[in-house]
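Given below, in the form of structure tokens, are the structures.
Here subunit A shows up in two complexes: once beside subunit B, once beside subunit C.
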Partner chain A sequence: MTDTPMNHHEQIDHVVETGVALPFWTVFKREFSAYFRSPVAYGIAFAVLLFLGVLFNGYITYANQSQQTPADSTYAPGLLVFLLFLIAPLLTMRLIAEESREGTLEVLMTLPMHEGQFILGKFLAAWGYFTVLLLLTVVYHLILLTIGVPDLGAAFGSYLGAWLYGGAVIAITMIWSAVTEDQIVAAFLGAATILVLYLAEIAASWVASQGAVGGIADFIRELGLQAHFGVTLSRGILRLEDVLYFVFMIVAALFITTRIVEIRRWRA
Partner chain B sequence: MAKQIPDPIKTQAEGQEPIIPPGLLLGLAAVAFLVAIFVVLTQPEPGVVGLGAFAFGVLAVVLWAILAPEQARGALTGRTLRFGGASVFVTVLLIAALVGAYIVARNASVRLDLTESSDFSLTAESRQAIAALGADPSLPAVEITAFYSVAQAGRRDQDEPLLQDYQETSGGKISYEFVDPDLQPGLVQRYSVTANGQLVVAAIDAATGEPDLENAVNISFLNQEELTNAVLKVSAQGEFRATFITVAGSAIAEMSQLKTSLAEQYDWDVQDVSLLALTSPESEIALNDPNVDGEVMILPGGSQPLSDQELEVIRGYLNGGGNLVIFAGTNLNEDKVSLATAENLNAYLAENFGISFNNDVILDLTQAAQDALAPIATDFNASSYITTNGIAAGQSLAVFELAPSIAVAETAPANVTVTELVKTGSSSYAKTDLDLILSGSGARAETDAAGPFVVMASAENSQTGARVILVSSTAIPSDNYVLFGNLANQYLAFNSLVWSTDFLDYFQGITILQQQRPQDQPIFASEGQMAQARTIVLGLPFVVLMIGVYVWWSGRERAR
Partner chain C sequence: MIEVQNLVKKYGEVTAVKGITFSAEPGQVTGFLGPNGAGKTTTMRILTGFMPPTAGTARVAGYDVFDKSLEVRRRVGYLAESVPLYRDMTARDYLMYIGEIRGIKRPRPRADEVLERVGLASRAGSRIRTLSKGMRQRVGLAQALIHNPPVLILDEPTIGLDPLQVLELRQLVSDLGRDHTVLFSTHILSEAEQVCDKVVIINRGEIIAAGNPNDLRASLERGARVLVRADAPAGALRELVAGVKGVQSAEIGMNGVVATPASADRDPRSEIVQAVVQKNWKLTEIRPLAINLEDIFLEVTRRQAQDADAPQSAEAEAGS
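== the complex of A and B ==
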């Protein structure tokens, strides 16, 4: 038996055949560790944390000078959620598009593994990276604890919301990574989709002002991401429909992505 | 070759056509889902049609799966169906099912306020008050109508958990409804809403089931303290009574405005009745009634002195802690005295309350409304509720007519506190020769007493709780001088009744004040803490960057 480590596809093949673990778990481990071996992921984390750090520093400086601003425990997750329209496409653009472009997707699909497991593993890896990034921002909350009285419940709701929000947008952007082989196109389309969903609330107001039937404006608003985060979870209101919205977004997006990959495999 | 024996069961099953063709069921399901989506898109609530269509669609799909299991299995696993048009159909079905589950969850309204400070649920003070309201069967139901447009949908989502808490804590006695003002302009007009985002709090009339919009409270935006107090105010059922005594030559007709305000705006029980009728066994009004939250007796002028029997009624009433407001009238009897200036009443008032009417008339040639007999007073007590509530300090005036001055004892009787409320100007003077005044000769004489004169005073006996207010003119509760700017006459009259009955305290008693939360405390950091915070937040990204550089460098080395 050779000591040469198995490559990615060999690992998956081995695990699937021996049945020692769920295939998606192997895909997850492989992809998750890939993020932390890639300088790009650190670059993204650096840019995000620098941006958040500068703004957070401005916030606490202003609050300390004015002596009228209470500690806002939802500040950091709120900002991070806004940045997701850039972060999520960067995280997911290569996940499937790269496999397609390099022709490894077809090879992977020859393995006795369901496409869903493959997609789920990749999704969980990207979501896991985002979770680490989100957890790093807890440091802002710890700082607030030393200089004010932030609301811990609201902070929990805000972080939970940001985490679910991140999962939803990562799943959505994965669709584009499956649709196109071009990573730039996938990132661009992903960012555009998230922006549209982010701005749905504004679009709903505009539709309502045009005299449209109230239900249509409400539908557009509820389709958007902010209606389920900006005024509820991010403020500490936990609503079942908001949690389900994000979970269902993830389920639907992963299902669609799986279908797209299946069709690719079938065509191949 | 062995002859195959046909499977009788299988043959029978294959030979039978399903009652409903499976394809038709799928078509029906598609139509039902389209209807459900259409309803959701065009209506604020899915309603019976939307939910019914969705349920029908699900039922049709389930039936299809039962009647044609092979087709169903094929749709999920079969190669052709998986990668053909059915793939899209199954995806649409999944999304429709998710949308349906989402709508069901949304209608279930499951909400949880995670905040430590209960930003979106009732505070302890509000919860206690609202629970008490819900537990009191004598209090009416309350309706909160929030006029939020689509542009305020975010606020609606944020405010709904709190309104839901009001509803649940009150045991359903408080209900709430969101109204889109753009869709229901008729309701906007009916509820007198002037801007989007307003909330109208109204008690529900038990007899009609309609909201009492006349006494409704309009709130500009949702604030828990304000909303709780509004709910308590509209549902308050305190019993307050004003009894206007009918006497000869009274000015009771001029007090209709005051009576209307009390009865309609504040739901007081207002009655006209004679003093002797009050003592009759058949009288429906019991003086010093312990079941009444507040009561006041009003003597609205009058030309004849009270009889001994009538004075005895007043004496008994005040000894029992009653409240009396006396407006001195302009009608005099043949002895040139009125009810207010009669000796018997004033002797009693002076002895027991330290205030009494003098039998004179105040004139003012400089500061008067129409003539000297209608002096204008601008000197209001700055610390009394009666002379400050609704009255602009230093700008208001009160017009008196044929007003007698009020004598205030230098030493008040035991347990009595006397307060001078309103005084005339220093240019005023008082004549005691009423014949001279009635003959039209009101010129100032050296023998006239010089102002200022007290024209309104109050006295309170802390032992019995009795309160007496003397007002020198029946013009105070009337609207005779309503065209004057900054006129305080009716405020003075109304405030007198409010103060005498403790009506103000009653409202303050039902007013909830919210406690300051620790989370409202502003950020405060020392220089050292700020420096530490800066180092961490600005240093953290560079730490991450350095790790990235190390990872990249290590990878490069390994590749070599």
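== the complex of A and C ==
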């Protein structure tokens, strides 16, 4: 503390002009740019693109040889959606856990901002990063356009679906980052939750095969993620109920996260 | 500016704050004093709107901390005990971030202004992780000042600083106290005495004394034990002092004879001086043992312990 002495105070104690604050936007800007400063985010992008690239290469080689497989633009977003059970926890694990462990949450929660704004900003940042990742895979669609005639409706549906799907999965995994201060635990629990929701369809068929009342199996299927993507959006079938399902999942998960942060703060 | 009434905070079974009442006025530094775990941080967290009280009320700048939490937060600058900061950000970026969340229109010049104020202008562009402990403390303080709040709540701001840094920070807090309401917690009692216009002493969730440090000292000097030193054999001096009217007992201590007054509102010093002078001994020192807040604190807690568990503890303390 020896560089310069602390100065006298008259010069700074003037009225500080304030305007309309948009805390969620401020939080979003910081978190979103943080992804592009962190090696983890580049690592995820690299791994995903490499994985998709290799599989896509094999796919079009095969499609070329067989002369029968249509150019399918839903291939890349479909794969990305599957990979989300790994990607989303990595993107969200630190969002709240780190702030909570470092104590920076305490400062934020004494600022004139509702928890919801803070959670929303964090969520949008992670979703924004995922959006960038998804847009990068548009390159596969462009390649398909040069070598075939892909179904544009299916392409649009699957990209929109993957985007909403990503939002829901990111919002859900973020809950765990609010529950525990341990990022690794948050990531594991997040991955497990998403796998369960991904595999709900299998669980539903099993329940149905056990002779349970039809309604239960249907309910489990509808609760799962794939029922709203795999057979509808990813084939270009745009159903309002699927879009509403993802929007509902996002809103519900953000609400739960907000409540958890609030409750943890009250007990701190 | 800060009014706390019968504030209670329970964590499950544990009651951290047991119905405290105090206030802090504008233009003053109020010291919140007590050992670690006394309930200082809990109280401050309630005052900043970070968590709600279990019972009782607290008003800051005229707003209830629970019902009008956001209004309170707009008017309070808070430096948390652990000084949590984003280590990957530069000092300026961090302050701009906080300023923007607070809705400050031109966060950048304001960030530079407060950095200047805390003497960190030259390190504005340094990442926080590269700053020393003292500098981080100042970034934390700058964060609390960014919106020029009428109320400042500083939780142990001098902890972990080197002596020069401590002096600078105390000076800054004193300066700020002139036109802000400052609530400043510390467990270093001499610090509160130097910086504060008023102290509130808290122990185990209860306020055990409050007031102007000088008044507190004066009231405690009455009835406080008195240290007497003179050019005379210790044994003879002890006997003389013990015989003085108004003295209950006298023991030989480390630096002289310690006299315990007969009652709590009694100051036997003039009688002792007279007795020593009559003997023609040279009196070299006579003073109450409680001369700073440290002693006040010990005295108050000693009296509490005395009230609680009979005369034993008083014996054990005597002659220290």
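Structural remarks
The rule we apply is simple: the second predicted complex is superposed on the first by the 248 of 268 C-alpha atoms of A that agree within 3 Å, B and C clash if a C-alpha of one lies under 4 Å from a C-alpha of the other, contacts with A are read in each partner's own complex, and residues count from 1 in each chain.
FYI, a contact is a pair of C-beta atoms (placed from the backbone, for glycine too) under 8 Å apart; a residue touches a chain by one contact, two chains touch by 3 or more.
Quantities reported herein were computed from a predicted structural model and do not represent experimental measurements.
Once chain A of one complex is fitted onto chain A of the other, the partner contacts of A:Leu244 are limited to subunit B, with no touch recorded for subunit C.
Set against each other, subunit B and subunit C touch different numbers of residues in subunit A, with B touching more.
Of the two partner chains, subunit B is the only one that A:Ser209 touches; subunit C does not reach it. Legend: residue contacts after superposition of the two complexes on their common chain; A:Glu102 is shown touching subunit C, with no touch to subunit B. Looking at the shared chain after the overlay, A:Tyr42 reaches subunit B, while subunit C stays out of its contact range.
In the superposition on chain A, contact is made by A:Arg30 with subunit C only, not with subunit B. In the superposition on chain A, contact is made by A:Trp266 with both subunit B and subunit C. Judged by the touch definition given at the top, the superposed model places A:Leu50 against subunit B, while subunit C stays out of reach. Of the two partner chains, subunit C is the only one that A:Met113 touches; subunit B does not reach it. The intersection of subunit A residues touching subunit B with those touching subunit C, taken from the two complexes, comprises 37, 266-267.
On the subunit C side of its complex with subunit A, the touching residues are 11, 45, 48-52, 70-71, 73-74, 76, 78, 80, 82, 84-86, 88, 97-98, 100-106, 110, 113-114, 116-123, 132, 134-135, 137-138, 143, 145-148, 161-162, 164-165, 168, 171-172, 175-176, 178-179.
Of all the residues in subunit A, the ones that touch subunit B in their complex are 36-39, 41-43, 45-50, 52-54, 56-57, 60-61, 63-64, 66-71, 136, 139-140, 143-144, 146-154, 156-157, 201, 204-205, 207-209, 213-219, 221, 227, 230-232, 235-241, 244-245, 248, 251-252, 255-256, 259, 262-263, 266-267. Those residues of subunit A whose C-beta lies close enough to touch subunit C in the complex are 1-9, 11-21, 23, 26-27, 30, 34, 37, 102-114, 265-268. Subunit B makes touch with subunit A in their complex at residues 40-44, 79, 82-83, 87, 91, 94-95, 98, 101-102, 105-106, 108, 110-117, 119-120, 149-151, 153-155, 157-158, 161, 180, 182-183, 518-525, 529-530, 533-534, 536-538, 540-542, 544-545, 547-549, 551-552, 555.
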